[in-house]
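What follows is a single structure, written as structure tokens, with notes after it.
The first chain written gets the first letter, and so on, giving A, B, C, D and E; residue counts start at 1 in each chain.
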Amino acid sequence: MAERNIESVNKVREAVSQDLLGGRIDLLLGWEKGHYWWQSRPLFARSEEDLEKLAWDSFCAVNLSRYLLEELKDHDKIGVLVKGCDARAFNRLLQDNMVKRDQVILYGLPCPGMLDYNRLIEKAGGALLGITEENGRVILNIESGEQEAQRDDLLLDKCKDCRYPDPAVYDQLLFSPQGEKEGPERFKTVEELEEMSAEERFGYWEKELSRCLRCYACRQACPFCSCRECFVEQENPRWQGRAYQPSENFMFHLVRAYHGTGRCIDCGECERSCPVDIPLQELNRKLIKDINELYGDYEAGLDAEQEPPLLTYRPDDPAAFSEK
Amino acid sequence: MRYRYFPGCTLKGQAKSMEDTTLAAAKAMGIELEELSEWQCCGAVYPLYEDELISLLSPVRTLAAAEGEPLVSLCAACHHVLKRAQELMQRNEDARKKVTDHLEVEYAGEGRVLHFLEVLRDDLGFDKLKEMVKKPLEGKKVAAYYGCLLLRPSKVMQFDDPENPTIMEDMIKALGAEVVKSPYRTECCGAYLSVTEEGVAADTVERILDSARRAGAEILVTACPLCRYNLENCADNEGKTPIKVYYFSEILAEAMGLPSESAEDQGTKEEVPQG
Amino acid sequence: MPRTGVFICHCGSNIAGTVDIDKTVEASRNFPGVVHADEYRYLCSEMGQDIITKAIKENDLDRVVVGTCSPRMHENTFRKAAAEAGLNPYLLEVANIREHCSWVHKDMEEATPKAIALLRAAAAKAALNEALEAPRLDVEKRALVIGGGIAGIQAALDIAEAGYVVDIVEKDPSIGGRMAQLEKTFPTLDCSACILTPKMVEAAQHPNINLLTYSEVDEVKGFVGQFDVKIKQKARYVDPVKCTGCGICWEKCPSKASSEFEMGLAKRKSIYVPFAQAVPMVPVIDRDSCLYFRKGRCQICEQECPPQAIDYEQQDEIIERRYGAIVVATGFDQLDPTIYGEYGYGQHPDILTGLEFERIFNASGPTGGKVVKLSDGKPPKKVVFIQCIGSRDKARGMNYCSKICCMYTAKQAILLKEKVPDAKSYVFYIDVRTGGKGYEEFQRRAAEEYDVAYMRGQVGKIFPEDDHLVVRGIDSLTNRNIEIKADMVVLAAATVARADAPEVGRLVGINSDSYHFFNEAHPKLKPVETHTAGIFIAGACQAPKDIPETVSQASAAAVKAIGLLSKEKLQGEACTAEVIQSECSGCLNCEAICPYTAITPVEIEERYKDGVLKRTVAEVNPALCQGCGSCAVTCRSGSINLKGFSNDQIMAEVDAICLQR
Amino acid sequence: MTTGTGKSRLIEDMKMNSGQDPNGCYQCGKCSAACPVSAALDLKPHQVLRYLQMGLEDELAESKTPWVCASCFTCAARCPRDIDLARVMEGLRLSILRNRGGNKFGPAELTPEQLEKLPQQALVSGFRKYNK
Amino acid sequence: MSAALNETAAGWEPLIVSFCCNWCSYAGGDLAGTSRMSYPANVKVIRVPCSGRMNPLFVLRAFQRGADGVLVAGCHPGDCHYTSGNYQSRRRLSAFKRLVEFAGFEPERFEVRWISSSEGDKFAEEMTSMTEKIKALGPNRKMRDARWQSVTSKV
């Protein structure tokens, strides 16, 4: 079992139960364990009973803020557990007027990074019964005994280069902050792709995007996708065809990524939720990298007061094309 | 208050008294100046030619050696070179990469780079200094001579108002002396022209001294060994009122009741002028 | 399916020479929805228009495509023709087969298929065209002029003379502005007050003009024809109805403050009128220096006032009014030269700015009109004028030329010689710029008849020595260093935008250049209009300029305002943005990028489960929207669209053009 | 006199390495008015910029001015066109030295008395300014 | 594979779709016409009110439907009829241009240019040079929708 820390779960529960049971919030968005020990799924807690199920372990990857979009229709005040990325997602929703700050109480959870089950079993090399964690190490409980590994090596891709593990916005911070991180490899893949020739790059994306099933899980998981009706599903105008066909797949993914320009918080939920492993985060990161290079550093979701780069300009902005 | 301290070559030679008096005064004020364990000449001039990165190796090595802690120097030229090298390291990524790669050090322009006068003004405070004065320099008419290197370029040096600086006057006031202001206090003394164009340096120095005399100064203080050399050696002062030139630290030490050249008024020292 | 008619113009041989008209007509018949196709030699002629009108009626057409010259030429002509036949004019599309086709391609083989593609695109777009109505807007027959300097006064007088009511809002206690501070005006040397004062009085007495002095604009809402403005009238503490302007109060007032009008060179009382010819001649009490307001006692003015006009209890008042047009004429400031430490301004009383020197000449100024040094009261014998202080200076000042300094420096040097005949003037200049009627002749007179020494070069440093100012400069024509022991130095400090210009711009909704001068709508052809319809600019708030230019611009702005006010109704833009509120998620990114503040949030109610859900969505004010369409691009879900250039129309054009192969 | 046409190598070198463009100068002369050693210059600072604008390479190479400039930065501090003339002078010195080869000034030219009395700072800076 | 995708270089002419803002670039195109300048007929212009109206999706749409190159033209920065439309499009289209290049399009396929209403010569030059560059690159097959092409070839 991923018993990382019973104490910390208790601490989280303690912090929220008073508010939930005392009526300060109508609903708590947290995590509970799923069917398998390596799954933690969203928890919609309304009662003490519900709170018993609360989990805070190394599998709470799901970004909870996005659930506010729907839940706020039915609740006046919602408490949300927020990791670094959930909090940035919250700020993003705030900037898009999707939520009001006073409708939500944020419980901040500085995040150590979530573990990748695929990496775990790969490391285990066989049936994995569970894990225990201590001091940055993970002990894999396998049939033949125990095996130790560095926690950092087992993180989800989206967590590996996370720069802001601490919530940028919260009402109450439940643990001590982790501090800003380097994330040196964040743009590594983007840079590798940039090195390729146009033909190679097109080949790469053609291959990757050919797998797309057009299930839109990426969109459903994304905190910047907050449209009431996505362009891809509109009848009038018919922005693009719905068939999963190479040209339409390009259309969908390029426009989806473009819609995240200056808005993507780099939480990686799109890529994590993709059932066919399309490296979607690289498209997002390409835009983050370019916007930073062209129009100054901007990390979406860090500061809800800072104007997103596509909603502002400077007369002396540079361009990615010749201005002569 | 603890600082890393970069003396520079001249302070170990011609300008030994600037170092001695500063260290003594600092000690008396509770300011700890810890000399860098290894240091090299700063290069004396900041390279203005963009591809002269080789000249930056030494100052950047010094900056990196401070390990991000505040780094203090006394000589105006050293401070100038260090401060500008730091600014370049902050501003120009390309230059930073070339220099630090070559030196195999990590340095990205961090740490405060201070002249000792800035320590007195910003960290200690002149009010505090005034309280520490043991022997106020009452009745002495002292003019500050800033020269170039501390003030310009002001965007980088950020030392004081480049046209109307007050930091030295404020110190002189705190030491109990009478401040005398001359309009030539920010004009160049001729610098190294004393080596190659003696006549030119004689003109510049004469103007500075005459102007200070006209304002009624008896003593001129500076933070630059070369300025002092020029002021003392380049002008023909025949028949003019003598003006003594001291390092700022010497009158500081004197007012603190510590031994200094200015306090001892030693006979071995040549007075300017002899006439 | 639409019933589209296509009409192709030969334009003599202009189109027909390179485009095979028959083939094109034939091809057009095959476009989806096309039920009629025809051609004519000159469609824009009356006969040509008749052909279109008739065909619409006869064939029951509901869309029209004309293949002719650029829509920028004759779109309106053809729209009128369509309207003649009872069709909404916006159901017509133009395919530009002349400028963009027949004139730029050599032969029929090239141009004909392209013309067909362009027509196909126009037909595809037309099929999606909708009937549009340009909004008709009311016009409030009243104008607001912000700023009571010569520009504001002139604009107000012109508008008032045309029969419309005008309010002048002036932040100072009197109208008059900068011109009131000047001694004489170049190049004629008329006394500034003598030509300005009658205009001030005329404005005050004009039945159509209301002066709101000591007042500021607080808020501007609305749009062309209907600006809703809040004006704050600051408390004067003097009842203007009772006050007779007798002057006893300021004579008796015991406390003093630095005079703004005298550029700080003299004092005024705490109850004061800024200058002797002030309009209105009603004083104000300056709370900051008044003994009563500071310490609660004194009240001498109250006791001495014969008509008992003093009222310490007066409060700021907010006036709310609607205006059809606004003229912004807020004037300029002078750059503060203390940023040039080498010139020592502020450290010596005999180092002055140009505007300060103006006051030294003035009979009611700080020296009573005697040209003397402020340090010792003696007349200056050597005066150095330095030009371009902060002008043409991209390092520390302004990159532009202030335009007026060359002339006023020459003027001041002449006046100096007249007042102090044995004075010698030196002018350090970089270039002398004297564009203007009689200007060059005037400046030459200064040099030739008034013994003004023009030195081409700049000054490096000024410092006091003994009883004079040492000015160290260069004459770059002889390349000699010059040292002048001067009695006085006059710095021609740059003309800059008012410090509060950015705030005024934001308030009124007009934009500025990087120096905070307000932007005209077009640098050549719309010099007094702004990008906001109904708001005009005049005078030095737009750029440095002299009095004649300011007055011309003020009259021009007035004419534009009169033209607007004379209309019964205004026609708005038909191609405006529109929000599909059911789809709008309310992110309001469109609001953030709209250059016209035409988009605002609005709360709507929607059914949700058993109840009602309130939510915020965007709304477009069609009167403000100018139809740029940037909002439609910002909107990721296409919930805001631009009429006339809608998403589906543009995509239909793309599709149709690409069908070519 | 050479005509100022074509590109001079000296001037192009100077421009590239100093990052300064002489064409930004409108000859107001403030640099020359401010220069403390102006009187000793055969070409005043603003003239140097004018000669650069005209491409008068030979005249510049022969001028004393770059060698008399003391790098006091007053010109740059006061220039309304934001031209760093101190960098221009340094650029010229180095471009001339590199083009010509050899040093302008060395220890051999100093008297023993000077060598003893001068502060190290003066010697180092002098050599650095005038040598390759 | 459809016939359209088997085009041979011989006899092939590229299709360039150019979106021009009404106030500057479209007027610049008019001036090129009135001045009788010439540029290849491969370029077809679609008029939009402002470069700020330019939705990047329109560019992809053109590629899908068979365009070999797309050129967006607007007023020079500072000259926008709507004050800020081109400032906004400069940011949007810069980000988007880099993105389409990242997806594997050659940089020449999508360009943005500022052309004023007085620059008829520049309009003609840009249209000519765009056409030449695309000719040198050959037909665009990336993102081209085969279904669309096979449908259209029947029309």
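One rule holds in what follows: a contact is a pair of C-beta atoms (placed from the backbone, for glycine too) under 8 Å apart; a residue touches a chain by one contact, two chains touch by 3 or more.
This one's a predicted model, so the numbers in the text were calculated from it and none came from an experiment.
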Interchain contact steps from chain D to chain E (minimum; 1 if touching): 2
Chain closest to the middle [Cα centroid of all protein chains]: C
Chain separated most widely from chain A, comparing mean CA positions: D
Most distant chain from chain E by Cα centroid: B
Distance from chain C to chain B - Cα centre to Cα centre, in angstrom: 52
Centre-to-centre distance between chain C and chain A (centres being mean Cα positions), rounded to whole Å: 48
Between chain A and chain D, centroid-to-centroid distance (C-alpha), Å: 58
Rounded Å distance between chain A and chain B, as computed from the means of their C-alpha atoms: 55
Sites on chain A at which at least two other chains make contact: 231, 239, 310, 315
Multi-partner residues of chain E (each touching 2 or more other chains): 61, 84, 88, 92
Multi-chain contact residues (two or more partners), chain D: 39, 74
Chain pairs that touch, as defined at the top of this document: A-C, A-E, B-C, B-D, C-D, C-E
Residue ranges of chain C in contact with chain B within the complex: 340-342, 347, 461, 463-466, 470
Residues of chain B defined as touching chain C within the complex: 161-164, 183, 211, 214
Parts of chain A lying in touch with chain C, wherever the complex brings them together: 73, 96-98, 226-231, 234, 236-239, 259, 307-308, 310-312, 315
Residue ranges of chain E touching chain C (in the complex, touch as defined): 4, 15, 17, 22, 26-27, 29-30, 32-34, 36-41, 44-50, 52-55, 58, 61-62, 65-67, 81-85, 88-89, 92, 124, 149, 152-153, 155
Of chain A, residues touching chain E in the complex: 190, 193-194, 198-206, 231, 239-241, 245-248, 250-251, 254-255, 257-258, 261-262, 283, 286-287, 290-291, 294-295, 309-310, 313-315, 317-323
